[in-house]
Amino acid sequence: MNTLRLIYVFFRVSVLNETAYRVNFFIQLFQSLLELGTALAGLAVIFSYTHALGGWRPDEMLALVGVYFLVGGIISLVVQPGMSALIDSVRDGTLDFTLTKPEDAQLLVSIQRVAIWSLLDLLMGLGVLGTALVRLGQSIGAAEAAEFIGMLLAGAVIVYSFWLILASLSFWLVRVENLLEIFQSMYQAGRWPVSLYPGWLRFALTFIVPVAFATSVPAEALTGRLDILTLLGALGLALLLFAVARLVWRLGLRRYSGASA
Amino acid sequence: MSLLLELRGLLKLYAQQFKTTFASMVQYRASLLIWMISQVLEPLVYLIVWSTVSNGSGGSVGGYTARGFAAYYLALMLVNQVTYTWIMWEYEYRVRQGLLSAALLKPVHPIHSDISDNLSSKLITLPILLVIVGILSLIFHPAAATAWWAVLAFLPALALAFLVRFLIEWTLALAAFWTTRVNAINQVYFILMLFLAGQIAPLTLFPRWLQIVADILPFRWMLGFPVELLLGRLTPVQALEGLGAQAAWLILSLVLIRSIWRAGVRVYSAVGA
Amino acid sequence: MPEPAIHLHELCKTYRVPERESGMGAAVKSLFHRRMQDIKAVDGLTFDVAPGEIVGFLGPNGAGKTTTLKMLSGLLHPTGGEGRVLGAIPWQRERAFLRQITLVMGQRNQLVWDIPAADSFELNRAIYRLPAADFRRTLDELTGLLELGPLLKKPVRNLSLGERMKCEIAAALLHRPKVVFLDEPTIGLDVTMQRRIRSFIAEYNRRSGATVLLTSHYMADVEALCKRVIVIHHGRLLFDGDLSALVQKFTAHKTIVVQLEDCQADLHTYGEVLNCEDGRFTLKVPKARTARVTERLLADLPVIDLLVEDPPIEEVIDTVFTQEAG
């Protein structure tokens, strides 16, 4: 319960502060709209030549774009800012302040920065997703909806854990920012169903940089494409990766504090 | 005579700058590699998407088969690799960190060190890209019906594309003198590139009116045109027209760069950085 | 004797660092096999600090001060020995312990750069779970003592270094810690601001009874705040006791300042002349001979004024370290 309160306070502070810079809001709105427009225009070009892309109809692709923006919004809202700040604080030693606080340090570093205007991406993603759902009409059942929410959460956990693992490498390595960049640039591949990609690329996007679980899998759940194996795999991976991330973080802290493992 | 001396001095400068920036690029090889991943991934994704469309609609879309798309996007990767710059981020960083004052004090125009920076980074990345394109060729089997004259004409077209793109992006980078919100400008620019330079799809797949817009603006001449030329998709007349358009943009951007640079420096020094 | 607030016994910290040799060959070799070197940052420190004490923790750069502070605040694990702060083992990092201590580092910020200090305070309130009334009261008190009023609403990046430090200190004290570790809290500040911070620390200690362990390069800080000093060098304890005793122990000299009517006098037969201007001479004299030299000066010369002083504390510390090194 205290965790939620803490998240709320961190969130509120960034909201209060960012609302002072209204220009940033409009700039972010402009950029988000451009990005969304680009994605939709791209789809329009493609669907002017075909009815379905690898079996995905336009409205289903729209749902995928919605998930893409939704998850991308979550990443740029908390995950990316927090993890970059973590890397910086390991390098300049300000992590010390976090560690002298009587609260779980992983929680504190994870919520320390909130890029509040990224909520726009998130809301836009929800809007697109809603539109897609309405157009898909009756084909969404309660089971799909539950699966979708479950997969979305699993995807978020997987992405967060993955980022935390990479950022924790800064306890051992310098210049970890580069690794984070790889995720950012590979994330764009998640705007399309991974089933389109050849096996090696699908493998890379699933297991090396888990983009597939963040976007494709939730969209598959929504459009009734998800098989039980992928569903269980996603849940299992979410749990496993979260545990591994916690472990790597702990080991990193041990190294930072010089406790012999 | 003095022009000759000037030129020799410049050549020496390039040689020297080349050595130092090459060394620093080796230092930043990890960043370069990551830059390359994003440079390769985007065309690769569109290659796959369009191949899927092509296979799903009877093997051909707008004159491109799956293998035709493969050829188009692999060539696009190469041309993009030769012509890209990252000067727009670089300038934003320089202005923000106040690094520009030192550059302005030097008796040489700062564009020269940027050019040699850009070229030396490509010296490292181009061989890697060639290997990547080679591997992707084995996977996607590109096919194109090209002609010897087109391959010959491709070389000047590529050189012109590099020059025009470099000058235009360098000019655009100067926006950092006027505003701190360069990111928004860059984003608009890259979206225009995406659609009008032929990145999202070959321009012939677009409606006629959009193709006309693309012909008027510089983007196609910086990327799409050399690709189409290399793949033998243009007639000799179209090729000549294209080279002419590139030359026109080269002259225009040279004029533009001079006046905007002067105005930018005036703004910069007025702020007193 | 009450239980000490801070207790160290034979505390050690050894870092293993890869040995770096110069040259290309060595660089290549180090890729495969790294020669490791042990660096003893803290080498068997033992001391106690009583509750409510302000202790100056001195030593040259690299003496092990920061390493010790980090171990005592739970950031570093020692490689040997024991340490207790408020009865707890710091590096177990129990929440109850962390709630009672604080660490201020003059060279690093905990306040978030882009937001006003008041908001960072709000975050700390949530982290330390401070009841609203207590928080309000402490904040008002700190605001009064440090004169933070107009600073709290400005983004931290717009504050001057000194203003930022005042806010840093306030943020660190909101939860009313019983033990305060201050690592160079006045570094880089101008003299006025140093004095303000100093008097605040003294006042805070008086009001709250908190134990303070302070490192500083500015001897004025130490002179003003600390009756007791602990001096370490190469990770080992050199001196632990009163500041005045330190001067007694480590200086073999006193300085005699004499004002003469005669500006041309040559005093080098009396002692080493450190300075002379307008008939005002500063002499360095072995401690044992101070009385004799003074006597002779008064007898031989037209003395207007004469002053016997201990050398400045910086100089004392300097001699301590150079003696150690030599």
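Should a chain be cited, it is by its letter among A, B and C, assigned in written order, with residues numbered from 1 in that chain.
In this text, a contact is a pair of C-beta atoms (placed from the backbone, for glycine too) under 8 Å apart; a residue touches a chain by one contact, two chains touch by 3 or more.
Fair warning: this is a prediction, and the values are worked out from it, not measured in the lab.
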How are the chains arranged in terms of who touches whom: line, ring, star, complete or other? line
Averaging the CA atoms per chain, pick out the one whose centre lands closest to the mean of every protein CA shown. A
Would you kindly tell me how far, in whole Å, the mean C-alpha position of chain C lies from that of chain B? 57
Taking each chain's centre as the mean of its CA atoms, chain A sits from chain C at a distance in Å of 46
Averaging only over C-alpha atoms, locate the centres of chain A and chain B and give their separation in whole Å. 31
Could you list, by residue number, the parts of chain A that touch chain C in their complex? 2, 5-6, 9-10, 13-14, 16-17, 92-94, 96-97, 99-103, 108, 112, 256-260
Which residues of chain A touch chain B once you look at their complex with the stated criterion? 27, 30-31, 34-35, 37-38, 41-42, 45-46, 49-50, 52-54, 175, 178, 181-182, 185-186, 188-189, 191-192, 196-198, 201
Tell me, which parts of chain C touch chain A in their complex? 13, 15, 70, 73-77, 79, 91, 93, 95-99, 101-103, 105, 108-110, 112, 114-116, 119, 122-129, 155
Given the complex with chain A, which residues does chain B contribute to the contact? 30-31, 34, 37-38, 41-42, 44-45, 48-50, 52-53, 56-57, 61-62, 139, 181, 183-184, 187-188, 191, 194-195, 200-201, 205-206
